[in-house]
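Have a look at these structures, which come just after this line.
Paired with subunit B in one complex and with subunit C in the other, subunit A is shared by the two complexes that follow.
And then the complex of A and B:
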């Protein structure tokens, strides 16, 4: 049974439909990411779960009970905000202890629990500091400790790492993952960063224009996109429209606008249709000749440090090719092979 | 040097229009026929000391009650759900701010009279004798009626400076509206509340119309009534000025706090 469920939740702001008929289920101990571009409704969905925004229709079910009308202070959820939202007039200790005080914990229990969670987020010894005396990373750790301290039933995180620089973000992402795994706490994590969602989640719900367009494991979302939006939003991909000519098992033959025919795998989450999209990610493209190959010319070379990235003009189609070492130069001609097991066809 | 010259016109206006008349008033309060004297202050102590104490505590009590009401109104407008009632209250509560004190005093005379609205309501509730409101009680009710909306306006502006996320974080952490008010909003805006209190208290101490129309010359009354009385009937500017200096001292503690806060916040530096 799911710990938390959304059933056909809709929220409008004036004429704008922010969340439309969203249904999802999160199991106990599961980490679910709501992934999508800015303005897709993921934060509104999270706020509806928290009780901070009332839906126009639909219901929020927690442990089998309808909590749609329950105020946020009675839900026993924890929340980490994008801008930390630490109270500036309180010390780290007071910030973390706040939820415990609201629940009427005894003083010595509060002191013990605050010490425990500050150790967990590696902030021992910072109890008497004020938020303004902490770095962004430390503030986010305090925000996490504050949300975790009362042992909430569900942890809600709204783009918690987006205000940090790239290096710190990656470091905290790994720490966050190990903390959430060790506590086995049910988490709903909002992000627009697919790498973050992939690294942290058991399940990802991809949102677009207020709707959930696909839910699945990170591998399912990446390998079996349900529609063109998911196929192009997830991963670094180039999508070329075409017509599906034939299907042979899991493989399909697609004809591109330039007349070239290529074989590719049909996404399991997208039923085959004549109007199709060929999704080519860099790992599907390699130098070589023979079947399923294209003649290309190098239009751009970008040195990325650990790899070199080439832009190729291939018979009217633009592709990306990655290589560990520089192997081509701009203007050079080469043939590339499209790996049919890695190129994906989705219905349009 | 050029900087000092540029400041000079503003400084001259302050000195000529504010500091000079104030300094002159203080000087007169210490001046007798033979030069420096404390006789006017002695008269203040002997004749008006009861009124000094009365002015202090009625002004202070009124400001405290107005602050509590102002905080409650501001909290409702900041934390309450957006609905037509809130929208209505948001418009309604500001009206007393724009009414002149003389109008408020006239309204209070009708409302608090022995056969006025309040006493008639109390009579209908079973009270046999009308309550005398034309004393400290009426003064406090009038001050609160006038000042609570003003304080609500200032305090609400402080509450609106607190980010929604700070309030929402407290709510998700388990805080009721009352706890959000006492644990988040008030501590984060305590200077704004204190400034609102200081302004309301100072305004109460300086008000003439309300105590004059409600209490008049009856004892005890407000210092402002005594000042007017001293000037009108005795032409005694020296004692009137001594009373003025005393009323200034009554508000100066809060005025100093207000000015210090304003400078600390940088309001006067911009």
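And then the complex of A and C:
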């Protein structure tokens, strides 16, 4: 049985439907990411789970109990905000201890627990500092410690790493992952960063325009996109519309507008239809000749350090090709092979 | 060359400051101790503490009448304190609502609220006086307090709303998510963070009421005589007495300004961001 469930939750702000008929289920100890572009309703969904926003319809179920009307302070969830939301007039200790005090813990228990969670987030010795005396990364660690201190039933995180710079973000992402795994805490994680969602989650729910368009493991989301939105939102995808000519097992033959016919794998999550979309990610494209290949011209070369990225004009289709070494130059002609197991066909 | 220009500039600033601040204060100070000071002498002909003793109610005599500075001062302080308390009791919840919730017709409400400030206040008070006569509020402390509250409320709501707006709602939400109810969140998070701003508006309102003249003149007379009114009426015939009351007014106002400055330190406000 799932620990937390949303049933057909809808929320409107004026005429805008922020969240539309969203249903999802999170199992105990599971890390679920709500992934989507900004304004897709993922934060509103999280706020509804937290009790900070009231849904217009639908219900929130926690351990089999309807908590839709329960105020946030009675839900025993922990929440981490994008802008840390630490209380500036309290020390690190008081910030972390707040939830414990609210739950009526004894003084020595509070001291012990605060010490424990600050150790967990590697901030021991910072107890008497004020939030403004900490760096952004440290502030977010305090916010995490504050949310974890009362051992909440569910941890809710709203883009917790978005305000940090790229390097720190990656560092904290790995740390966060090991903390969440070691605590086995049920987590709902909102992000617009697919790499973050992939690296952290057991399950990802991709949201678009207030709806959940696909839920699955990171691999499922990446390899078996359910619709054109997921296919293009995840990965560095180039999508070309075409029509599906025939299906042979898991492979399909698709004809592109320029008449070229290519073989590609049909996404398991998207039933084959005549109107189809060919999704080409860089890993599906490599230099070579023969079957399933296209004639291309190099239109741009970008040196990225560990690799070189080429923009190719291939018979009216624009493709991306990655190479470890510079092998082509702008204006040069080359043939590329499309790997039918890595190119994906989804229904339109 | 550059340094001499800077030096000249500094000198100009010093002279302007001296002429605009120190000179009038010196004159005020001299007047309050002058027994005789006839034109065109640059300094008083005779000095003494007679007027100060009379102003402070320590000695009675001469032509000053029944009212001493201390009585007027007491009225001023009582009226200012009541004005502050009642204004803040109304404006703090109202400001919180204005800052946090979408109040219907908010622009219209604020416009109506600012309306009296658009006109010269004198005709407003004249009409207020007519109205207050029907409720027996003229010449009473509640009447004067109400007259002071009308403009004071504008300052208070203005500053308090800005104060609450400067507190990110996530700080309150984080408290709720941590297990604190709405009231605990208000007492432990919102109000402590709002203290500098609320104190600033408190001091502003106090000073406004303390220095107010027009409203008190129309609504308070003949029974309520505050320090500014005493000062105004005395300055016509008794410069010494007016100077002494002005100095008392100045000392109290300056003390409050210092308090205000202390609490408006950028460091404290900066913590809110």
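Note that in this section the second predicted complex is superposed on the first by the 348 of 348 C-alpha atoms of A that agree within 3 Å, B and C clash if a C-alpha of one lies under 4 Å from a C-alpha of the other, contacts with A are read in each partner's own complex, and residues count from 1 in each chain.
Convention: a contact is a pair of C-beta atoms (placed from the backbone, for glycine too) under 8 Å apart; a residue touches a chain by one contact, two chains touch by 3 or more.
This one's a predicted model, so the numbers in the text were calculated from it and none came from an experiment.
When both complexes are overlaid on subunit A, subunit B and subunit C end up clashing with each other.
Of the two partner chains, subunit C is the only one that A:132 touches; subunit B does not reach it. When the two complexes are overlaid on their common chain A, residue A:103 makes contact with subunit B and with subunit C alike.
Shared-chain residue A:268: touches no atom of subunit B or subunit C. In the superposed model, A:174 lies in contact with neither subunit B nor subunit C.
Common to the subunit B-facing and subunit C-facing surfaces of subunit A are residues 50-52, 71-73, 76-79, 81, 83, 85-89, 98-99, 102-103, 146-147, 150, 156.
Subunit C meets subunit A in the complex at residues 168, 170-171, 173-182, 184, 188-189, 192-193, 270-273. Within the complex formed with subunit C, the residues of subunit A that make contact are 50-52, 71-73, 76-79, 81, 83, 85-89, 98-99, 102-103, 130, 132, 143, 146-147, 150, 156. Only residues 163, 165-166, 168-176, 179, 183-184, 187-188 of subunit B touch subunit A when the two sit together in their complex. Note for the complex: subunit A touches subunit B at residues 50-52, 71-79, 81, 83, 85-89, 98-99, 102-103, 146-147, 150, 156.
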